[in-house]
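This is the structure I have questions about; it appears just below.
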């Protein structure tokens, strides 16, 4: 059928709605799908209803949706990541259940395929990336002593398109189906001939838009770090987290384009009958694999580097000690970032190229183990001769240290083409990447979440439940993914919705039990949040330094004011705030109070979110008129926004003075607490000097 | 007995006592879990793995796997060993270690930290280089007898094996004589797939319009399985085939049997074979009672079949979906293709 | 004004001194964006290169390319790069708003001329059977050259908006800063075009 | 005033860049049309001319300098070029090798 052969509604019809399948022909698989669809609808309606009930639309609009404040944008990113994460996690559970139940599973092959495709896509693009970006947004400008990121409105736009793309994925649960081609969506399987449905189109547009958002974020963060640091903060006084963010942002700038190109070309093949990756007329599917991994490999380091940054901060803070080997760590981070562009071929060692090429890329891959190893050793040396406190972030970090090394080890094994020929596309690979993604990226994010939560909201998270969840994560992770190493070595391919060989069964059962433990971990995380919300009065830390922190973000109140710093700090040391505390320079009033200029609220991001969501939906369903309209609307809105001339607002000096003096008074009236009382209500965020 | 209510209590008592022994925190118990998991039942015998090699290629791969693992341990074991020590010695509450809050760099230590991993990687790189050039799947294996040629075509969801010199072809069964090098050339007549016989050689991708090569030799009699590892739709998990390694005489007998019982693989048969279907489904359509229950036998009508399959993608004309095996439309009319109900 | 305008100069990498921070940041940010775009183009170039042989029996570069038109397009774009530069210096040196607008309009016209020629060229190619649907090679071509054309169209739109803004509020700092970025963008597109005629047209033609 | 001479100097830079670019362009067109039909090595010449023109335009139009204030930009451009080269050359190497090894039928 020609692309112009569709009517007003394009390909859309009653049969596209997920429930139609259940009605016309009942099965467990369809029921699972329908339940998921129903949950999405129910959750949306419930959220809208609750918002209306509590009459918070106004606040939501003025304080959040139109905000350009990096801290709020960061929080919105994280909330978004958590919503998507819930879906990704549940999908993981269902997949584990299916494989534990196999050979008599309960899902259709295609349904299972949609699960691993959405799970992978969501976890990478809509959980890991937004979580990282959100945390960076929240923390990085504070750490470098800036008022905001370099381009606050651009920041808003990045969030907007990312969220729109994520929503598109959610819609795919209810209307139509998602791609079955995995998160890497290799053609020709995902091409128009073999997959004429809308599934891969959902994938293409979600990737293109979220990719654009990530690229813009990368630009924003890079410029912020390079150009907006506080006076005196030269490169070697930047906190380690900022270094990792800088490298990760550079990866965003240079690694996202190949993905966008690959996805767009796949789209051209599908929509306009081009021949980039088709079987016939000179198309070449190998180009796709090459492009995808040109992006895909840097991507995984893009995710893990900021997590390394979080661990560096956590190890140092909770060992009450300077970070060991700062320069080594910086150099290691940079080497990882650069090397990550030279190894992409290790994802297709088995495509048939000459051994010379495999050798070059294999060795380049293994080289990354050296700087990573240095990092691991440096973290150990940071704890050495410290005073280690076993707090929640620290438990995640120690879990990371032990478990990640195992994942890295399996990575090095995979880097040997000889071995990769045998374990490529098996569960061994699946175990490898979950072993680096969960203890690496997710534990990092969770540690950061527990660590910086008080800075964002002004109160601490419940420590007991936090620890529970950390331990459950660690146990659950090991139970879920270590068996997969075994099953992979025994030859079980990845993406198998079923298997005949009963040798795999025990592994799958253990893995399923593990997934249940992970579910408990997630539940305790949610409980932790609820309990902490309940106890928020008791656990307030208004002074702002609950953990005896070392860098600038701890030197201001919690939650931080919209302008961050009453007076932009001058930096003289790497652990600036620790130095300040020790020399009695902390908690001083500014010399003079000045007016502060910050950007006004801006509806641009929200409008773009809605419009690009509509645009993507229209494209997926071939509703050309709607696509055209929304594209035009986007252009008009953007142009119109450039005609807003007074986009800044002034916070008067008097206001700043009032805020600051109130806070300083609070500091004076607060009793500093020692580290032993860190997790008790006595902790008001004023740390006692202890050495 | 009121075992039920007592059990948790008793468990708790053990637990506290255990904690007493270990000193603190549930930590140590948790981190000993990996060991328990690696002790999982290896009792059930699996043969579709390179850990039970039937030929030198897979054997070499297995050896390399263990060597690589052992060598990386040099750099990794210190982490396992030292992290607990550091945690105990320097914990805030009862730690006995000294406290040096400003200590941040020490030259010789720095050197070790960079040096040890670098050396390990250096040695590993050397091994990698040797093994990779030795095990190039394109390199023909030198044996006492000349290699036997097999042409492999990936279809949805089955593998077609053509023995051009013997003028036979099979689906679902690959039979090779022991101690004879096998030289495969592979292509696909649908989407990209990944061909794999774990016990004999590693994977290699197959792509329409292109050919890849795979060489191996079997040195043990026996039976194993091969498969596709690249997800290609609902029949993916069934795209497997038996691999039988026979002595020269048995092999000849088998060839004779295929010749005698095979049906002719002409364009019509090939077209039916190429449809989206599993081997089992094809078996129902094409098999004769003389064929085994899990394989199809053919005699070749056109020795250039393989070449024509590859060259069809280079005709310079577009292939419509009706002519493209692996699509829903290829010769199947309007049939619905929901996933198979389990 | 003075402080700012010399800061603007600084954004272009000249005239040291001034302190105002923003233009520096904004211009640098735009450079970073352009480098990301450069990689985007680079990847598409790489695809084109791998596709040079893949004509699948369809028309190839030697049948399709018209060097007369190519030369005209090249000169149009190159000249527009000069005129946008002249517009920049009239702006920096605070010549009259009229002369500034004049040079912007000249640039715009060259840009539109370039686009017209390019579209005519494409329709010529299509008439000879050179459509992107015909072969992998042509997909590669039409993935790359119109991508540049799209950037040029976007630049033209941007120019229109700039003209409107100058007319609406005059040469404010904000407008100037935007124009500086536009000029950078426009020069950048000419750089890409050098790659296109060297690699796509000449490379394709010599190898095709 | 200094303003005036600034203007003229700027204009001169742009004009120099323009003239040089035109010359390089003409040379490239001439080389291909006159020699390119048979001679593949003409591409080397075209490549050199292209690089020269890139350099000229970067210097004269985009004002990229090696001076101190321009360091950030220069570093950025050099790094981007490095990544670009890795991507383009790597791709060409890999895909070229694959094409060689995959288009035999026996």
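As written, the chains take the letters A, B, C and D, and residue 1 is the first residue of each chain.
Rule of thumb we're sticking to: contacts are C-beta pairs under 8 Å (C-beta built on N, C-alpha and C of every residue); 3 or more make two chains touch, one makes a residue touch a chain.
Bear in mind the structure is a predicted one, so any value in this text is a computation, not a measurement.
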item: Of C-D and A-B, whichever chain pair has more C-beta contact pairs; value: A-B
item: Inter-chain centre distance, subunit C versus subunit D - centres from mean C-alpha coordinates, in Å; value: 15
item: Centre-of-Cα separation between subunit B and subunit A, whole angstrom; value: 31
item: Euclidean distance of C-alpha centroids - subunit A vs subunit D, Å; value: 38
item: Separation of mean Cα positions, subunit D and subunit B [Å, integer]; value: 46
item: Multi-partner residues of subunit D (at least 2 other chains); value: 72, 80, 83, 87, 91, 95, 101-102
item: Residues within subunit A bordering two or more other chains; value: 226, 254, 258, 280-281, 284, 286-287, 294, 351-352, 354
item: Per-residue multi-chain contacts in subunit C, two or more chains; value: 28, 32, 35, 39, 42-43, 47, 50, 53, 56, 58
item: Chain contact graph, described as a line, ring, star, complete graph or other shape; value: complete
item: Touching residues (chain side subunit A, partner subunit D) in the complex; value: 226, 250, 254, 258, 284, 286-287, 290, 294, 341-342, 344-345, 351-354, 357
item: Touching residues on subunit C, where the partner in the complex is subunit B; value: 56-58
item: Sites on subunit C touched by subunit A in the complex; value: 21, 24-25, 28-29, 32-33, 35-37, 39-40, 42-44, 47, 50-51, 53-56, 58, 132-140, 142-143, 157, 161, 165, 168-169, 172, 174, 178
item: Residue numbers on subunit D that touch subunit C, as the complex places them; value: 3-4, 6-7, 10-11, 14-15, 17-18, 21-22, 25, 28-29, 32-33, 36, 39-40, 42-43, 46-47, 49-50, 53-54, 57-58, 61-65, 67-70, 72-73, 76-77, 80, 83-84, 87-88, 91-92, 95-96, 99
item: For the subunit B and subunit A complex, residues of the former touching the latter; value: 25-27, 30-31, 33-34, 37-38, 40-42, 44-46, 48-51, 58, 60-61, 64-65, 68-69, 72-73, 75-76, 79-80, 82-83, 86-87, 90-92, 95, 97-105, 109-110, 113-114, 116-118, 120-121, 124-125, 127-129, 131-133, 135-138, 190-192, 194, 196, 198, 201-205, 207-209, 212-213, 227-237, 240, 313, 316-319, 321, 324, 326-328, 338-342
